[in-house]
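Shared between the two complexes below is subunit A, which has subunit B as its partner in the first and subunit C in the second.
Entry: the complex of A and B
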């Protein structure tokens, strides 16, 4: 299944219309990291989802590859002010990953190999808004960009699209992640310029 | 394993907004592995979205600094102590 976000707008939008406030366009793909790039082999890779009652679901790399995947073309917006348009990814929708997970949770805390975390409302991971992405621009996702797999949640600032995703903790209460604990906005909507707490 | 972007001297600017003394010469003890390290020799990633200082011994996060438009945020959760060199107070007049 292919998604092109511009198509959802009903008419083609110009580049300026697609640039949230305070952002500039880049053709590069800057690398921002809070730590060393973890080397995770496909054989050792695992994705887990833990619900609020402690139930744990896991997928090996091979099991993830057996799930239906989407090719999506989306614009991405980094809180450090760069935006990149029409980026192409391939990944498994979180709707698919969470399809058989029973939960009453309203929040998710996403965990990465290397210890990074970020929090989102669970509803922002559903309804075709988020993927576990493992290809970028037709190639395997490179380690510096989050490979073997990263979260992709393009409607929020890109720090929410956790590199090296390894698990999703489903929670009844919100729990701030790595940057959200230290001054960054809890939600991070680029169109409302929610960079820092209080924005 | 990737090489960090910077060493702890990059933290001198934002930390000088918080501390009266030069904290790059301070010694922090890692909560993870127990090793003691000068802030100047930390492995530092950043500067954006924030500065992340990691232990040269075990790579645990020792301290983080974020400068927002109206605040400096400091997390020292990865250290058990911070020892800052200081002169003996002079005799009072």
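Entry: the complex of A and C
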């Protein structure tokens, strides 16, 4: 579909089935955020889930730590074109967090410390696809990467994996988040290259 | 290196926005990188400043392989957050690390093109390793020296080597580099911070420490493997 850029060959490449279209591999872990890194102590940290009827569930840091956690190895894909393969995280599955939450919602709006938001269909948070992650590569998640805890939804572009997660609002109707209101795609599937609205 | 692209029907862009440049090889392989636009739109002309990255797949091609008349695919403008809008009345504090100055230059140029006397005051704090690293030096110095540009202040920070006679010794960005009458936390400027990740983390933390509200600090980072 694209025209060929005269003279452009690109890097030598083998076939890598794990790299979505338009992405390149990186070995380091770039940081992208819209504002300063909020500092949140474990003592002040809280995760909430609010359902469409206003019911609110909360977990302190200690309560989160008591939930069973998974160690997962996943590939992550940033909309700015870098991908990182085989990243290792530890976190609590959203299936566990949402196990006792009664809801008829189809959508989630995720809120972060610092004010960031992002939206996803609720089904993308379930069935082993999403975690509240608090360790990266065996160490506590560093603040600039979203610590104490961030959402991890590796099958979507990484802006959906909200750093500094603090709450999940369950909604009957879709409600666009921060980047989604600024021209980025509502869903963000890297394999369909849904970077911007209209993709 | 500055590229001027002729983009038919360009819809225009806001200062601070970027574009995606996509290159396509004969076998269909594509490589996409984001580049900040460095100047306000002039008709269908879009100006990008590209820093060559060692071993950079796209930046090296743009620097060495692209000839006048060649076509590339451009997507944009992108980004509606790290932008300055002319209607913003508050003072503006720009904080640049290295090539992070590019989108900030677009804001400075937009301010100058409008009506500098009717525009809010801008201050650019620009951190470079050594004097030779300053991009747009002549233009910046001229901007800060204009009588009608009294609202533009330039403060250079040299981290490795300062020019002879500079009152500020070489060293990393510090709190007092960010403090100036008119742009203190009480003046509630909007702060735009752009540069490599470590620089942006540190500058944004300093600003928060000085009392600037987090919602007044907008950041844009170049990752270590960025464009």
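Operating definition for what follows: the second predicted complex is superposed on the first by the 184 of 199 C-alpha atoms of A that agree within 3 Å, B and C clash if a C-alpha of one lies under 4 Å from a C-alpha of the other, contacts with A are read in each partner's own complex, and residues count from 1 in each chain.
The rule we apply is simple: a contact is a pair of C-beta atoms (placed from the backbone, for glycine too) under 8 Å apart; a residue touches a chain by one contact, two chains touch by 3 or more.
Since this is a predicted model, take the numbers as computed values, not measurements.
Undergrad: Which holds for A:159: it touches subunit B only (first), subunit C only (second), both, or neither?
TA: After superposing on A, A:159 lies in contact with subunit B but is clear of subunit C.
Undergrad: Kindly classify A:115 by the partners it touches after superposition: subunit B alone (first), subunit C alone (second), both, or neither?
TA: After superposing on A, A:115 lies in contact with both subunit B and subunit C.
Undergrad: With both complexes superposed on chain A, which partner does A:144 reach: first (subunit B), second (subunit C), both or neither?
TA: both
Undergrad: In the overlaid three-chain picture, which partner chain does A:82 touch, first (subunit B) or second (subunit C), both, or neither?
TA: Touch status of A:82: second partner only.
Undergrad: Can A:24 be said to touch subunit B (first), subunit C (second), both, or neither?
TA: A:24 contacts subunit C only, not subunit B.
Undergrad: Would you sort A:99 into first (subunit B), second (subunit C), both or neither based on which partner it touches?
TA: neither
Undergrad: More residues of subunit A are touched by which partner: subunit B or subunit C?
TA: Answer, by number of touched residues of subunit A: C.
Undergrad: Just which bits of subunit A does subunit B share with subunit C as contact spots?
TA: The overlap between the subunit B and subunit C interfaces on subunit A comprises residues 32-37, 80, 115, 144, 179, 181-183, 195-196.
Undergrad: State the interface residues of subunit C toward subunit A in the complex, per the touch definition above.
TA: It is residues 20, 22-26, 28-34, 57, 61, 65-67, 70-73, 75, 78-82, 197, 200-201, 204-205, 207-208, 214-215, 217-219, 221, 223-226 of subunit C that touch subunit A.
Undergrad: Help me check something: in the complex, which residues belonging to subunit A touch subunit B?
TA: Residues of subunit A touching subunit B: 32-37, 39, 79-80, 115, 144, 159, 179, 181-184, 195-197.
Undergrad: In the complex of these two chains, what residues of subunit A are touching subunit C?
TA: The touching residues are 2-11, 13, 21-22, 24, 26-28, 30-38, 80-82, 114-115, 144, 178-179, 181-183, 195-196.
Undergrad: Which part of subunit B faces subunit A closely enough to touch in the complex?
TA: 1-2, 4-5, 45-46, 48-50, 52, 54, 59, 61, 64, 66, 68-69, 71, 73, 75
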